[in-house]
Structures are given as C-alpha cells and as structure tokens.
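Only one structure is covered here, and it is reproduced in the block below.
Note that the chains are named A, B, C and D in the order they appear, and that numbering of residues resets to 1 at the start of each chain.
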Amino acid sequence: MSINSFGHLFRVTTWGESHGPAIGATVDGCPPGVPISETMLQHWLDKRKPGQNKFTTQRREADAVRILSGTFEGQTTGTPVQLLIENTDQRSKDYSDIMDKFRPGHADITYFQKYGIRDYRGGGRSSARETASRVAAGGLAREAIKAIAPGVRITGYMVQMGPHRIDRDRFDWDQIDANPFWVPDANAAIKWADYLDSLRKSGSSVGAIVEVTARGVPAGLGAPIYGKLDTDLAAAMMSINAVKGVEIGEGMSAAMLTGEANADEIRMGPDGPEYSSNHAGGILGGISTGQDIVVRFAVKPTSSILTTRKTVTKSGEDTEIMTKGRHDPCVGIRAVPVGEAMMACVILDHLLLHRGQIGENRGVIG
Amino acid sequence: MSINSFGHLFRVTTWGESHGPAIGATVDGCPPGVPISETMLQHWLDKRKPGQNKFTTQRREADAVRILSGTFEGQTTGTPVQLLIENTDQRSKDYSDIMDKFRPGHADITYFQKYGIRDYRGGGRSSARETASRVAAGGLAREAIKAIAPGVRITGYMVQMGPHRIDRDRFDWDQIDANPFWVPDANAAIKWADYLDSLRKSGSSVGAIVEVTARGVPAGLGAPIYGKLDTDLAAAMMSINAVKGVEIGEGMSAAMLTGEANADEIRMGPDGPEYSSNHAGGILGGISTGQDIVVRFAVKPTSSILTTRKTVTKSGEDTEIMTKGRHDPCVGIRAVPVGEAMMACVILDHLLLHRGQIGENRGVIG
Amino acid sequence: MSINSFGHLFRVTTWGESHGPAIGATVDGCPPGVPISETMLQHWLDKRKPGQNKFTTQRREADAVRILSGTFEGQTTGTPVQLLIENTDQRSKDYSDIMDKFRPGHADITYFQKYGIRDYRGGGRSSARETASRVAAGGLAREAIKAIAPGVRITGYMVQMGPHRIDRDRFDWDQIDANPFWVPDANAAIKWADYLDSLRKSGSSVGAIVEVTARGVPAGLGAPIYGKLDTDLAAAMMSINAVKGVEIGEGMSAAMLTGEANADEIRMGPDGPEYSSNHAGGILGGISTGQDIVVRFAVKPTSSILTTRKTVTKSGEDTEIMTKGRHDPCVGIRAVPVGEAMMACVILDHLLLHRGQIGENRGVIG
Amino acid sequence: MSINSFGHLFRVTTWGESHGPAIGATVDGCPPGVPISETMLQHWLDKRKPGQNKFTTQRREADAVRILSGTFEGQTTGTPVQLLIENTDQRSKDYSDIMDKFRPGHADITYFQKYGIRDYRGGGRSSARETASRVAAGGLAREAIKAIAPGVRITGYMVQMGPHRIDRDRFDWDQIDANPFWVPDANAAIKWADYLDSLRKSGSSVGAIVEVTARGVPAGLGAPIYGKLDTDLAAAMMSINAVKGVEIGEGMSAAMLTGEANADEIRMGPDGPEYSSNHAGGILGGISTGQDIVVRFAVKPTSSILTTRKTVTKSGEDTEIMTKGRHDPCVGIRAVPVGEAMMACVILDHLLLHRGQIGENRGVIG
C-alpha cells in the first residue's frame, strides 16, 4: 500500500488492477511545452502489448491510452498528466478453482498476508499489467527528454534467455527491432525462437536478462549519496515484476576483476574526456560520466506453468494447483519496453534535478 | 547534491567529507523508548573500522561516535538522533601531485563535472568514509528492531573474493566472526588470506561479493509498487560505494532457470506456511514471505592501485597517475558491516511503514 | 507544476483542468478493508456541487464520481484508489474576448509567467473546480477514519460573510445543515440571504471566513517539528483556492492576549486531562490535546465581477476586462465542504503516521 | 517524531534539544559555489540571540555556529552543510518541582501523550531554542539567494504587540534596525518599550504580530497545487513555536472585502506588468506576481508567567504550577529573525524548484 510513486521531480504514480475497469499513470512534474499526443504514447504501448506473436501471452488488450489532463493544444502545460488505459479483456471466467489457493511464485500469498484481502481475479495490483502504465509514462518522458537533451537515445534488448546468451561480437543495434525478442544478434534470434517454441509447447517457462543502454547522456547527472543515478536505476529496475537482480556496467562480474582490469583510463578527446573502456557502465560515484549508461536486469521465469505444484489454501490446508490460462513462456521479452520506460523516467528525472540544483553551471574540463 | 537521505519513516541523512572536521548521520523517525548508548553503536563502528588487520587500509581513525540529541536517560525520545564522528586522521599531506588530476575509477571527475568544484583532499563526500555514518545509523536501527520484532537477526558475510567463491556445503554461521573476512567457510578463510596477501604486496586490488541475510523477518513487509522490500534493498545496497550489482535470492541466475526449477512450493507448517526452497530470497511481489531475506551485492576492486594509469588534468591535458597512499586491497571486506547496516535500516523502515498503514491487522493463513 | 500531492502516508494527488475531459484524485495509502462505494463519496460531492441554489455558480456539473481502482467487493484493498469525475459542462463558448487578456485577481497571469502557456478556457488547473477532487478524496478519508478512530466528527461551517459575523452565543450545531450557508446561527442565515442576494444582483462578490472543527480527535497526533498538526492544517487550508489566511484556536487574536488570558488550565476529568478553555484550538506544540481541533480560514471575494477592471494583454498592451459568466457571489460557501475534506485528509494522515511511528504506546496520564 | 525536515530541493533538517549537548541543522541541497563563512551566519544568529536587552529572556547562550561539512575553500560544494550550535547554558538546576507537572500552554503534556517520555529539563525538542537552527539555515539560504536572484531583499518586523498596532502611515524601513522591537515606526517603538517594561515587571506576557516582506522576488515562483508559494509559507510560519495564525496580503481581512475592493488592477510598466495595489500579498494562484511577498503571523503570549495556574501531574493529580525562570515577556520579538529565516528558505527552495522544472523559459508579457 502506499508508495505507488517514483521519481524526484518527474513523479509517476501508477494505479489500477488487472481486473478493474482501468489502469493508468498520474504523471506530475512534466515540464511545460513538450509536444505530446496519444499516438506518440501508443507507439510504446504497442511494443509491450501482449498477443502480438506466439511468444507472448494471448490475453488480448487494446492497451489504448487516453490523455485526460495536462495538455493544451498538443503540448504539455506543466500540470499533472493523467494517462488512462481501459481494461478490455477482463474475462468473466470461473475463478472457483483458485479462489482460495495461493499460486506459488506469485504474490497472492504475500498480498494476503500484508493486506488481509484476497483479490482472486488474477494478480490484481501485483499483475504485470501494471507495467503498461509505466510504458505510457515512459513515452511521455522520452518526449520531454527530446526537448531538454536531444542527443539521448534509450534502447532495451535481451542479452540472455535461459542458458542462451548473445554473442557480444555479433552485437548489432539494427537487429533489435528485426525480431520478436529485441535481441541484437541475428543468430541468437533464430536459435531462441526454436528454444522458446519448445518450452511453450511443454507448458514451461524460462528466465531472461534484459539490457538497457542510454546513449548521449550528458556527464554530471546523479544525486549522491542516496539519489545516485545507479541507485535510482537499481530501484527502478528492481521494482519491475519478476526482476531478481540488477547490474551496472560489469555488474556482479566486477567481483572477479582486479583493479588493473577494472579501471577505465581517461584521455582527452575532441569534445572532452574520453574513456578507454566502460567497466563502470557510465557511472562513477553515482554520477554520469558521459559514456553509455548500461543497466542489466534478470527476470525470473513465469511461475504460471502447466505443472502441478504444492501449495496451501487460505484456511491453511495443503493442496495442489496448476495455473492454466494465457501466460508468457518468457516474460523477459515484454520486460524490454518496460526497462526502457524506467530508464527514460530516471534520466528525465535527473536532467530536471540537476538543472534545479546546479543550474547550467557545470565543471568543464579543458 | 541533495538527496543525502534515505528511508520512508526511519529517515537517515548522512553528512560530511573525508577531510572535514567530522561526519555523521541525522536520524529522524526512530521510535521513542529504544534503549541506546554510544557503547552500543561503537560495537558496530569498530567492526567497520579501518586498520584492524593487514587486509584493510592503514588509515587510523578512532571512529568514536557521539550521540548529540534524541535521547534522555538512556533511551530514545522520538526526536532526531544526531550521531557525530570526528575525523581524526586527516593527514596534512602534500596533494600537489593529484590536485589537478582526476583519479581513474574514482568520482573525482564526475563530482567536478557535476558541481564545478574540485575538492582534491581525497574523496571528499564520495569517500567510503561516509559509510561509517551508515554503520552508526544501522546500529540504532538494530536496537529499534529488537524492540519491535525481537526475532530478527541480520548477518552479513563474504561469499566471493575475486575468482574464489565459498563452498555452500561448508556454510557455517559460526565461522563468520572467526576470520578477518567474515566468511562462513573456514577453508575459504585460509585460502583467501594467502590470495589477498599476495595481491596486497603487489599493490593490486580485487572485487568481492557480500551477502546479507535477515532471519526472522515477519511476512507482510514491503510497500508495492515502488517501495517494495526488494526495491528498497536494491537502492540501499547500490548506494554503497563501489557496488555494481545487487541480487535478491537467485539474482541474475534466475535468468537460467525454468519455471519448474524456480518455484518455491508451499505447505503448512506448525506456525503457518512453509516453503520447500527459497529461490525468491524471501520476497514475493515486493513483500516478505517470512523466509530468510537474502541479498547479495558485488563490490568492484579499489581503483587506487600501485600501477600507473592514464588520465587527464582539470585543464584538459593528458597525463598519468599512480595512487599512492593507504588503501584496501579488497574494499569488499569493510563493506560487510555497511551492508548489514543498510539491511537493518530498510527492515526497520518497513516495520514502521507496515504498522502505519496496515496496523496490526494482517491476513492470517490457517 | 509538480507537487500536486499532499499527505505523508495518506497521499492524495489531484489532477485535471476545468475544461479538459475529466478531473480526479489518485489516492495512495488508504488502509485496506475500508467499506466504500461511489454513493458514499457522492454524498460529499453533492454538498459542494454548484448550481444548487441561487447563491452559487449556475455552472451545472453532475460531479458524478467513479472509483476506477483500489477496491474489491465493496472495500478498499490497500492499493491506489483512482477517483474520476468527468467534466460535463464545458461550454464551447467564445473565448475570443478574454483569450489574450489576463483577468485581474485570477491566476491567469502568473500561470502564464510560470509555464509560458496561456490556457484561456477558464481557470484551467487553477480553477476551483479542482476542489471537487479533494472532496472525493476527503469522503474516502472520512470512511477510513471511521474504521480507525470512530469517535471523530468533522464539521465545517461559515462564521463570517463580508462584515457579518455569527453570534457565538447562538451557535447551534443543528442549524448547520438547515441553511444554504452552513451557518450555525439561524438568525445569521436569514440576514445573510438578503445581503448576498443584493450583492449577487449587483454583480459584486464578497469574502468569507470558514471554520472547521474536528471533535473526538485523540491526544497525541502531530509530527513535530515540520509535520506538526497545525503546520499541516495551515498548508492544507492555504492550498485551497482564494484562501488568504489560516488560524488555529485564537488565531491572529492571540497577539492581543496576555499570558494569563491565553492559558488553558488543566484538571483531571473522568477520562483523562480536561481543559478549562480552548484558546489553543486543540493543539499544543503541534500535537493534538484531545480537545476540539478548531481551524478557520479566510476566503477572498471572487475576482470575477460585473465591473470593468484594468488589465494587460499577453502582448503587453493596457486594456480593460469585465468577467461575464456563471460565478459565485461568495465562493466561501462552497469552500465549506472543501475545508472539511482537507481536515479529514490531514486527520487520517496523522492517525496513520502516529501509528507507524509510535505504535499504540502512548503516554497515559493518571 | 520524524518529519523534522522541510523544503523540496533546499532541504533543512533541524535536530537537538534545549538541554542536550548541541542543536543544529543539516542542510541538504544548497547549490555549490556559494561563498559562506561562520561569520556570515553568526550575524543572523546574533540577531536572534537571547539576553541582548531587558525585553528578551536572560538565558545566556553564545549561539556560536560551526560549519562541519559541505564547504571547501570558503564556498559550498553542493554536499550537505552541517551547522552545529553548542548549548552552553544548560543550568544544572533543580527540576524537582516541575518534574511531574505539566506546564499549561506548553507542549509538555502533548509530548508526553505522544511519545510516552517526560523530558522535564525544559522544553526539550519543543523549546524555542530549536529556532536558532532555523536562523543558521536561513543565513545560508540568504547567501544562496544572492547568487541566484541578487535583487531579493527579505525583511521582518513587528506590526503589533498586544493591543498596539503600528501606524502604517508612519512605516519607515530605516527604523527597523533602530529599536529593540524591529518595528518600522519610531513612535511605536517608544510606546511599546514602556508597555512591555510594565508587563515584564508584573511577570506577565503578551502576544504579537510579525510581518515579513520579500522584495524583488521574480514572478513565476510557486508550485501549484500543493506546493504553492503561499501554502509553503503558511506551513513554514505555522511551524514556528507559538504561532497561531498566518496571513498572506489582506489575510483574514479579505473576508470583509468586496470583489471590487480586493482586485489588484494591472497595467504595463517599463519592466513588465505592474499592479495598482497589493491585496494579494504578491501571490496569485500560489505563484509570485513579482510584487512584494507579504506574510504575517501571530505569536501567542509566553505561557511561562509569574501567575499560579491549575494543572495536573503525570500520575493524574490536580495541582498548581508557577513557572519561574528566565523567559521572554514577548516572544514575538525574537520570532522576527526566525520568520525572516523561514522566508529565505522558502524563497530559495522555490527558486531552485522553478529552475528544475521550468528551466529559464518563462512566459514573458509584452
């Protein structure tokens, strides 16, 4: 309960449950004068929308976003922007078989333990459906970033699905939009399709790792000590459903490096300092260096699988459950646009925060 | 700048630089009636204190903490607690050789780019010295937790140093306090000592992974969607100096698991639901399950090494630097009590938050 | 821009403009298990609704509130409650005569100076229409208070209109709902009707003072130093459109009293301490005493009057304006339910905050 | 407890009790590069310091402020500034006569009811001594304002003491620093001296009204709807000890005006829009107009008087108390520099906030 908001100056509050009439995002702190339309936002929602191919859930949602406030004559006014998405596919299905059972790996049990309420109509507030609201807010953030720091480009993609990693030597930005996995490696895309199709047919699921890169972010963003850029990104990504780990730059592998191997040496380039490598993921001391910001997060496999699992009922009896229904064999795929949205919100927030606190007076080297 | 605070209801603001007169923590929101003394807090500061063995920096700081406010007759009053630690070892050394150079891997360059100020006397605000303030605040949090949820036990330990991991089959809680690495594996402690001694002599450094476990945390803590328990822990750990990755439960490895392998099945035990495994790390949907909360974070190797590195000066000239001085070959060691402190602050914060929002009325199973 | 939210744990974010498709409130932090329905909220909205008698604006809005999230089977779930009110009476009128002129006394000019945007379709975000969202949120707060502190009763009423004050000796709680001014003095109601009718016909307007009393509030609420109960109430009331002053207890008149005259002496009553008087308005040191909480606020006269006033255009030319249209001769009347709503939100917020921070352990006298 | 902070981007947390070792302010969010010294801050603390003449308490505190962090080579660095003031005059007096009694009009009773703690050594956290920390923080805010908006001038002064008001026709800015009451009316200063001397001798006390004016504040500051400039000022002033009412511009008297009398007409001047009057107190819709910002607040009379009053003990017995000791016959006098400090903090906060959210792009008229 509470704390359904994130961001310091660009503040997003999401609301709504998977089976209520609507979900949405109340966005406070968007600068005025940003050109915006429902069409612009819809582009990003369509990227996340379920049911687009056989690899994602067959739940069919139009995910049509409406802007209810905060704009006038096609641009933001500086007042709160209300983004509303109706829930159109709330099947009036029979919940009697799961009404009193907790689905293992889902938040059913902890939501009940916390709130004393059992909303048995699917995940309710804990459903990944909530992330549609984030994508809408992220779309707005992207447009605002364009107005403030036009060079920034934010791109998410998958780098691992189950045991299969991409080949970094084959990394190709242009491949990302060319396959259903947003994977920057054409070979991987082909292999993963076979792998996932097989998993899907067996009713199983698998985890994944998503990477999001922000290019063109100016040096100097981040608010040490507790609003560091990496701190805020870690929170943003960990708040996404099913995420169990977050890495910046070398991430967990930094543990295996020596100081010599990990250091990013500096030299002067034509436009300021340049680095010989980017082990740091573009962030030093919580502040952007001007290099690419590189964040990765791991998404666990969907807990809804066609295998019977042991569980308990609300009244405390041992039982079993098999989660039928329309689910994703690899939710990591649809987490890609969500990760991008969170990156966009955090970058915009720190652009505004930096301006508020430092003005335009930064230290210039050289 | 700004945002030197964390926590929702138990709110900690740290202040101070490595070479100023003092550092400290302003702690707001500690419940009244918690027994507290400087001696109690000193216990935890001594655990983090440098110069205790050859494996940590030889900088000598008494790290004596004083309580300047918020207590009366040996207990907290509910008003802000000011914890002050004087800096006693600010060597008036000659900085002329690094005054205008940025140390690679350190935040010198980004702090300058952000603030336009070059505080050349060591790390200033970005120094790991700041973490002493966190440890003091964490000590207070531990005492408050005792009063509210006496069963909670928070323990940090190292699980990896460079390429060397612990053997999970040899995990022994009792070993943790028996070696300078707080490693729960007696064999590892012996091997690591040799390994690190050799690194130290060569002037190199190495990364590490620290794990922090909280046992006895009641089910129901965590504030979805953006104040989830894992979200707040990710932010807390990522805010520690040199941390590049954070994991909950399976962490990044969750990407490699299938739904069947990852699920934690549930059955009724004598005191409520029990789980057959803990892949989730004690958190589902951002809310504690009652199992152990398990968090890991990776600490990068110290960037201060005895190898010359390329860098630039404030005026934009290419140059080289070798960071002499008193540094840690593996800063991960001293990050252990810091990770514990952050865990304590987050757990206390969520105990208070849960009470504020739900009262004592939780859903009970069975 | 931004900061369209208030409250610490019961957090209300309002959104929407007078001439957009809808307005509403996103309410985060409402405890779970509170019985709620659209009908319950509609009761309070109807109290504020315009066009109910000749003394309020003839704009006709259904002000029908919809609950889009946060409830299940008739009670709150602990997740965000979205309250939406459609704007039905957005007359497509001709704005050409005021499009480029700033209305004196209105926020047209300052919104333009701040945001660089001129939303000429009425007040936009600065319109008093925004207060309907507050009333909806306040209705929810009232129901939550009932569940936590059932003895609390919150009542607003007018105590002054223009030069006419109520006679405190004739104060009668039962009169409040018996007249269009919510005035607790039957004689005043009659006189004020004549006075206001005359003003209305002349196209003029007048200010007012509203008092809101909360009875049955337990002792101990309030978070010194900067979240004092009176501090939060002052902010809450001053944030209402057209409010220019806020008083607690004696208010501004406290300046004229001596220490002897102002002191509220204490004696033991059957249920704890009692006070001989209530100059303090139920708050000492920012914390409730258990007496009635008494707040007053002054509402300035509507600036929209049928008299021509001097003003300037966007391009900087001197001009004149006369604001025609449907307006309130005394906006103070409709501020009564708004003041009640703000009181309800603040009281609930502090009930939750107190519980979070102190638990149930308060000091008991006797 | 908790919420000992105020401000959005310029965030001040005060800490400390009247009888502990020290008090202070942790200031987060001060921009870097602001020239600052202990001497600069001491100037403002000396203005508030007790014991300077017979009209203020004879408690003698050096009130010497130390800067413990956040500066380097005479200017701020953008990191938290810790301002510490030692308590030097903590008389080890005999408290046995008041140890178990609650002083009427003081917060002794409510602090006990809230926290369950009876700190009998004077006011503890609720003592007006806390305001010294605000004055220190306000001094820093003034210097930061100079750097951002050099034309701003903030001046506090008394306009009423007991029944005696100043004559507005005799208002003279130059008189303010020329008398012990900071009253802008030389005649009033003479009369008030006699009046207060007589009160002081009789052991009585009296209330006062303080006005604070900020001149030269640019148009466009303020964050509607809940961070309006007047909302934040109302909270800031109401949070000061003993304050019972806050007014902006016409304040409570706005209730008595008609729309015609209250409107501030607009015309173009050489530098932009000008107003024919300032009933609004420089704020429309929560946003500054560019006119003088005018705030008034009423301070109640000190409750510590030489007259015996009825009260109760901790154990619930009726008793009497007479508060001896060193107190102010009119605490309103020493509230003048406190009101100025709060104004400075709020103005700076909104300068930063506006810059963060709008950048430098404001709407320009003409």
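Following the convention adopted for this analysis, contacts are C-beta pairs under 8 Å (C-beta built on N, C-alpha and C of every residue); 3 or more make two chains touch, one makes a residue touch a chain.
By chain, UniProt protein names: A, B, C, D = Chorismate synthase.
This is a predicted model, so every value here is computed, not measured.
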Higher C-beta contact count, A-C or B-C? A-C
From the options A-C, C-D or A-D, choose the one that repeats interface B-D, i.e. more than half of its residue-numbered contact pairs are shared. A-C
Cα-centroid distance, chain A (Chorismate synthase) relative to chain B (Chorismate synthase), in whole angstrom: 26
Could you put a whole-Å number on the gap between the CA centroids of chain A (Chorismate synthase) and chain C (Chorismate synthase)? 39
Whole-Å gap separating chain B (Chorismate synthase) and chain C (Chorismate synthase), where each centre is the average of the chain's CA atoms: 45
Spell out, as numbers or ranges, the residues of chain B (Chorismate synthase) touching 2 or more other chains. 1-5, 9, 14, 29, 31-33, 78-79, 114-117, 125, 224, 353, 357-358, 361
Considering the complex alone, what residue numbers of chain A (Chorismate synthase) touch chain B (Chorismate synthase)? 1-6, 8, 14, 102, 104-107, 109-118, 125-126, 130, 160-163, 199, 204-209, 219-228, 230-235, 237-239, 241, 244-268, 272-273, 276, 279-281, 283-290, 296, 298-305, 307, 309-312, 314-318, 332, 353-354, 357-358, 361-366
Which residues of chain B (Chorismate synthase) touch chain C (Chorismate synthase) once you look at their complex with the stated criterion? 9, 29, 31-33, 78-79, 148, 224, 352-353, 355-359, 361
Contacting residues of chain D (Chorismate synthase) [partner chain B (Chorismate synthase), same complex]: 1-5, 9, 11, 13-17, 20-24, 26, 28-33, 66, 68-70, 72, 75, 77-82, 84, 114-117, 119, 121, 124-125
